[in-house]
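In what follows, chain A forms one complex with chain B and a second complex with chain C.
Presenting the complex of A and B:
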């Protein structure tokens, strides 16, 4: 059995047949996971300095030199690295007096902060499979983002207390600005306009309090309130759609969940994208008290928006990017700042970021060529072993080598 | 002719799979460089399924393929897969939550005879010095 690191479900039931060092057959992978597993054979990186092929040693030494000479280095990525690599990354940031941030600062960080602080009640995905009778995908579309979520946990499986499953015992609700693939599967779809989630929450709260909702179709809002009130064990799965819509009003979700828990049991599991974003958040929180966006510049951990990748990309004089492609995923201005900074990219595969990097260090693919541990979206720790032999260093080994050089 | 739209981005499993074949692959461009428009909006623009459109705002501009929405009418709302193309239009002057407006992009859409913007061109724009 292998573990798929294609998303934060970390599916542990992947069956593979290997032939002459390559994957010949796979079972249980979703389309996304299949693409992830197949990608090990395409667009792999090689050690480079200024686009010229060099030895791995030369690339690592050059990376260390760039970081040591920088006054404001940024270490970014981390959500696609193991806990072991993240641990060294945080220590490296301390040693350099660097800013460290991961992808959560512009996606699920606001919610994860509330979950890790215990301000939002949460549960495991195994609890969802065994007990949940209502799942609410809010600004989330697992059919595209976490393709096996519905089949393994939220809707289709026969859990210990939900043997009649989706046919009789489970309800799936989707709240979204568009009729997503998941919304087409579930009969309870509620449409909100972009930015309308705060009003939607206010209406749900009104219904629960026995008042007339001011927003949306009143009849349907009352229907939703009735379903939620009758729920025995409900789970809200917020996606980035909800986080982006609420932003500074994220406490409204906290209020809603608190109100719902006066009449039933409601948990929250953020739909984390990358396989170990939660791991990084937890490690940094344990170390510094903050889940992301931390500067160690003056020897102390300081957190603030100025230390998020969006801001730090503009002020840094060198950046190390690991397991991420910010030139593809971040706004043009941020991408442009990084593209023109002395950039070090540690990545198994070619990307816009590796193409722009002054130094490229190839790495092993986790779950395939390297093992380690990670925290699933629900907080469960998952260990995995490599399944292919590869003559490549893991992120953990590369970072350790950079540390030695420094 | 020009239409003002709010673009909502989303993640697409087919684009994600294509990305694994490579950021520079034709499949990745096919699934990324497209905009889903309301049918009435397309009619108002005189644009048919598969034609190219210019999408621009004060941040940047791209040429992508227009696709007709199969959902209930949603005039003024357009949908794009999150990608380097959509990110050309996203502001990076963020509020204190540090979250850019990935899912609420204001832009103008108009018919275009230009070719679809290549990813190599997006890359060159990022590497270009100056504002």
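Presenting the complex of A and C:
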């Protein structure tokens, strides 16, 4: 049995057959996970300095030198590393007085902050499978982003209190800007215009309070209100679509959840993308009181928008990117600033970031060539062992070596 | 997926009964169920129906990959989500502690399983749609988000 690190569901029931170091047959792995597992044999990185092949030791020494000489170093990525590597990463940031941030600062960070702070009630995915009768996917399309979400937890499996499952006892609601693959499976699909989620939330609150909704089809909104009122145990799965749409009004979701909890039980589980984003947020929160975007300059942990990757990329004079490809995913201006700073990339596979990096350090792929532990999207800790033998260092070992050099 | 009416429209529709059926519509249904082949319609072999024969052959080509129960899998469309694996009542009965609670199957008794990222069909004779006393169960096709599996 192996654990798939393709997304934050961390599926633990993967069976595979190995043939001379290659994966020949994999069972129970979704297409996304299969692509992730197969990618280990293509586009692997090698240690490089200024695009010239070097030894691993030279690359690690150069990386340490760049970080030590920098006045405002930025350590970014982390969502695709294990808890052990993230722990060393936070210690490294403290030692360097660096800014540390992960992908959540422009993704699910706002929502995760509310969940981890206890302002939004949450539950585990096993609770969802055993007790939930209503699942609401809001601004998320799990059929594409987390292919096994519906089959493992939210809709199709039989749970201890939901033996009749999707046939009689479960309802799935999708709120999205388009009729996604998930929406096609669910009878309750509500279309919202881009940016219309705040109005939609106001309408749902109105319906729950017994008022006439101002937004959307009144009849359908009242139907939605009736479904939510009759729910015994509901779970909202907010995706990036909702977080981006609400912008600075994320407290509206908090209001909705508290209103719903007056009449029923509603939990929130953010649809985290990367397999250990929640792990980094939890570690940093336990250490500093903030979930992301922390600067350790002057020895104190300071949090603020100026320490998020978007702002810090423009002011940093060296950056270490681990397990992420910000040059592909961040806005052009930010990516350009990052590319111009002396960039160190620790990644198992080639990306735009490793192509532009001054120093490239190859690492082992977690779940395949290296083991460790990670936190699933619902806060459950999952441990995994390597299934392939490789002579590559893991993120954790590379960071420990950089720490030693510093 | 192709329908009986689509096939019927391309048949000679002269009710010659040489195929053994009383009408061309009955033959269309038999062709759809793969009980008869295009060669069983002698009129269709007439050169004046060459175009129709060619179109029918193209139309019926996907059915050749269907299982005995009429299940067709389009691997290129499959997400490997496993909805069908968990929803299939035969799978749940075979492995209630695995498929029943959303996990992938371990044994060999199941009908559907995800292998190499796409769904695979096996043990077709266990399917509720198998044999003359079939039940028109559609748990697997109704739960597919990408229409990667369908019945004839």
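Quick note on the criterion: the second predicted complex is superposed on the first by the 406 of 406 C-alpha atoms of A that agree within 3 Å, B and C clash if a C-alpha of one lies under 4 Å from a C-alpha of the other, contacts with A are read in each partner's own complex, and residues count from 1 in each chain.
Here, a contact is a pair of C-beta atoms (placed from the backbone, for glycine too) under 8 Å apart; a residue touches a chain by one contact, two chains touch by 3 or more.
Keep in mind it's a predicted model, so treat the numbers as computed, not measured.
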| item | value |
| --- | --- |
| Touching partner for A:39 - first (chain B), second (chain C), both, neither | first |
| Which of chain B and chain C A:166 touches, first, second, both or neither | second |
| Which superposed partner A:393 touches (first chain B, second chain C, both, neither) | neither |
| Between chain B and chain C, more extensive residue contact with chain A | B |
| Touching partner for A:157 - first (chain B), second (chain C), both, neither | second |
| Contacts of A:31 with chain B and chain C, given as first, second, both or neither | both |
| Touched partner set for A:352, first chain B, second chain C, both or neither | first |
| Contacts of A:143 with chain B and chain C, given as first, second, both or neither | both |
| Contacts on chain A seen with chain B and repeated with chain C across the two complexes | 30-32, 34-35, 143-144, 147, 181 |
| Residue ranges of chain A in contact with chain B within the complex | 30-32, 34-36, 38-39, 42-43, 105-107, 110, 141, 143-145, 147, 177-181, 194-195, 240-241, 243-245, 247-248, 273, 293, 305, 308, 310-311, 325, 327-336, 339-340, 350-352, 355-356 |
| Complex contacts: residues of chain C adjacent to chain A | 78-83, 85-87, 92, 96, 98, 100-106, 113-118, 143, 145-146 |
| Interfacial residue positions of chain B with respect to chain A in the complex | 6, 8, 10-14, 16-24, 59-60, 71-72, 74, 77, 79, 82-84, 87-104, 119, 122-123, 125-129 |
| Residues of chain A touching chain C in the complex | 13-15, 25-35, 129, 143-144, 147-148, 150-153, 155-159, 166, 181-182, 184-185 |
